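Structures are listed in the sections that come next.
Okay, so chain A shows up in both of these, paired with chain B first and chain C after.
Moving on to the complex of A and B:
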């Protein structure tokens, strides 16, 4: 089960926060509740910090060691996020 | 009454209130309101703690030892560091300006043709702080400072994305997204340079470029490594070349219960700088994490068709090679710029030495690279980001003298828009002060709205 999602970017201030807002909206749309969403810098992206990590394609290298990640081709594309998020949540 | 004034002049609680209003306006459930308000207040206190750690941990020592080594003022361009200094004196003003600036942004998006909503909240906060410092030099304080500053902040929040929009549309292929990053004028400049190479070169994405250097995207690592290098160079010159051990102030750095080797000292201090910035960033993240979603929610209701202007990494996936080439050439420009400033300092007039900060060169240089590549391919990218690197080295040096009480700090704002607005406003304050300056702020703010009403609209083909 996914209980927590962390969105990451370089300094964890701007784009990761927008992705966080999009994730929250997408979760609502998918009817998934009880999942906490946060955003932070790449320095904080470590195993255990969250169940699932969301980053843009350009940062894929940073999260390749982590167990569950969503890599977004376009970080502002809500449709792409929704599809990938749905697939991850329904995994189990 | 005293109690209310006291609350409204306690910055941490004041930003908590801004967040509280935002959450209430969105009609969030009570527990979310409480959670958000508390996080904002704690965020501000974390920021303050980071600020004092940064100063006592490394920034002050860096200034002292740099001055001893080179007999000049060495300046690290780092937004977090300078804002943490500025907030010491101007926290309350910054909070009000930030709040009014976001309202002014919505007004401009609604009533002018610059219909952008600037969502990069940390830059809004930093810009609010800079405007507070500079307008204060022009004798504005209290409500006049807050309103005048808020109007200027709202104005730059729509002008910066507007400058970037033509190239932004070429990069993303859509007109729905704006670019919200206060390096906007630098990216515009870089794109214009890129245009000189239009059609003369292939895209950066058609060449092979090693991606390994992208580990510097991690801010903590990037700042840590560069500051260690700066500290080692400066300490080496101070201790070994200029015999700093004979100077009591310098020698005191290395004497504690046991003596520290200067190299170990330099490495620790360099990483401490990064640690300080890490704490400040965590604080900023907590502060804006509640305010920006509220701002966005309210703006979407009031100006539904406005374009959201988004932080710079949004364009990085479109051209990963341009990101790295832009960073490297901008950084080279920064190093060259440093030597040029050094020469100017020796031969002509005293100027501050702006060190090549890896964060501005990474985020701004990378964005400049992507912008220039979209207009002029690989050659455009090389030329555009190199000149951009020089630009963001010279602009802060020109801006330093008008920075009022932050003039002699060892750090300064890095991105282009901060310096440009600083230079413009700072020079206006030299001639116009008090009420006149307030008037200038109002007129500048109204210009795009009046233009929208008076000038004929372009016919849509």
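Moving on to the complex of A and C:
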């Protein structure tokens, strides 16, 4: 089960916050409740810090070691996020 | 009072004809915040160093860069600056063409949420993106951003 999602970017201030806002909207739309969403810098992205991580494709190389990651081709694209998020949440 | 009135000042909006490369783009985009005392001059160099290490992590989509570093890289007060480039610039060869640079000086990880929401809204609609790209004056850009926070 996914209980927590961490959105990450280089500084933990900009794109990670935008993605977080979109993740929260997407979860609501998908009717998924009880999942906490946070945003942070890449340096906080470590196994155990969250069940699922979301990053933009530019940073894909930096999160290779994490067990569950969504890589976004376009971090502003809400439809892409929704599709990928749905697939991850429905995995179990 | 809405946070955007604190974070966006007309004097930090500029229309620039062209820059020669992405490094100059960063310099130009951050300079108003240095001049206004919102960040130290080293904020420029830190963002350039971040870019050399991580790539242009702040380019969000076609036309838009949210230029920023970390809170501890020389930020003094929270503020944004907006630069509209008449000629687009690429931050990497196969990257997007960027014409709008929103420079963010953030003092913590949450308090600029309203402004990012406004930006996200502006850039998720093709018409409003086009309005910004077509803007001829700093005042027009200011009004578009203020308007985006009032829609909700």
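Operating definition for what follows: the second predicted complex is superposed on the first by the 92 of 92 C-alpha atoms of A that agree within 3 Å, B and C clash if a C-alpha of one lies under 4 Å from a C-alpha of the other, contacts with A are read in each partner's own complex, and residues count from 1 in each chain.
Criterion: contacts are C-beta pairs under 8 Å (C-beta built on N, C-alpha and C of every residue); 3 or more make two chains touch, one makes a residue touch a chain.
Small disclaimer: the values here were computed from a predicted structure and weren't measured.
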First (chain B), second (chain C), both or neither touched by A:39: both
Which of chain B and chain C A:58 touches, first, second, both or neither: both
Partner chain in contact with A:21 - chain B first, chain C second, else both or neither: both
Which superposed partner A:74 touches (first chain B, second chain C, both, neither): both
Touching partner for A:10 - first (chain B), second (chain C), both, neither: both
Set of chain A residues, in rising order, touched by both chain B and chain C: 9-15, 17-18, 21, 39-42, 56, 58-59, 62, 74-76
Chain A contact footprint on chain C (complex, rising order): 50, 54-58, 60-61, 64, 66, 68-71, 104, 106, 109-110, 112-113, 116-117, 119-120, 123-124
Of all residues in chain A, those that touch chain C in their complex: 9-15, 17-18, 21-22, 39-42, 56, 58-59, 62, 74-78
Partner chain A, residues of chain B touching it in the complex: 119-123, 177, 181, 211, 214-215, 217-221, 278, 281, 284-285, 288-289, 292-293, 296, 308, 310-314, 316-317, 320, 323, 359, 362-363
Of all residues in chain A, those that touch chain B in their complex: 9-15, 17-18, 21, 39-43, 56-59, 61-62, 72-76
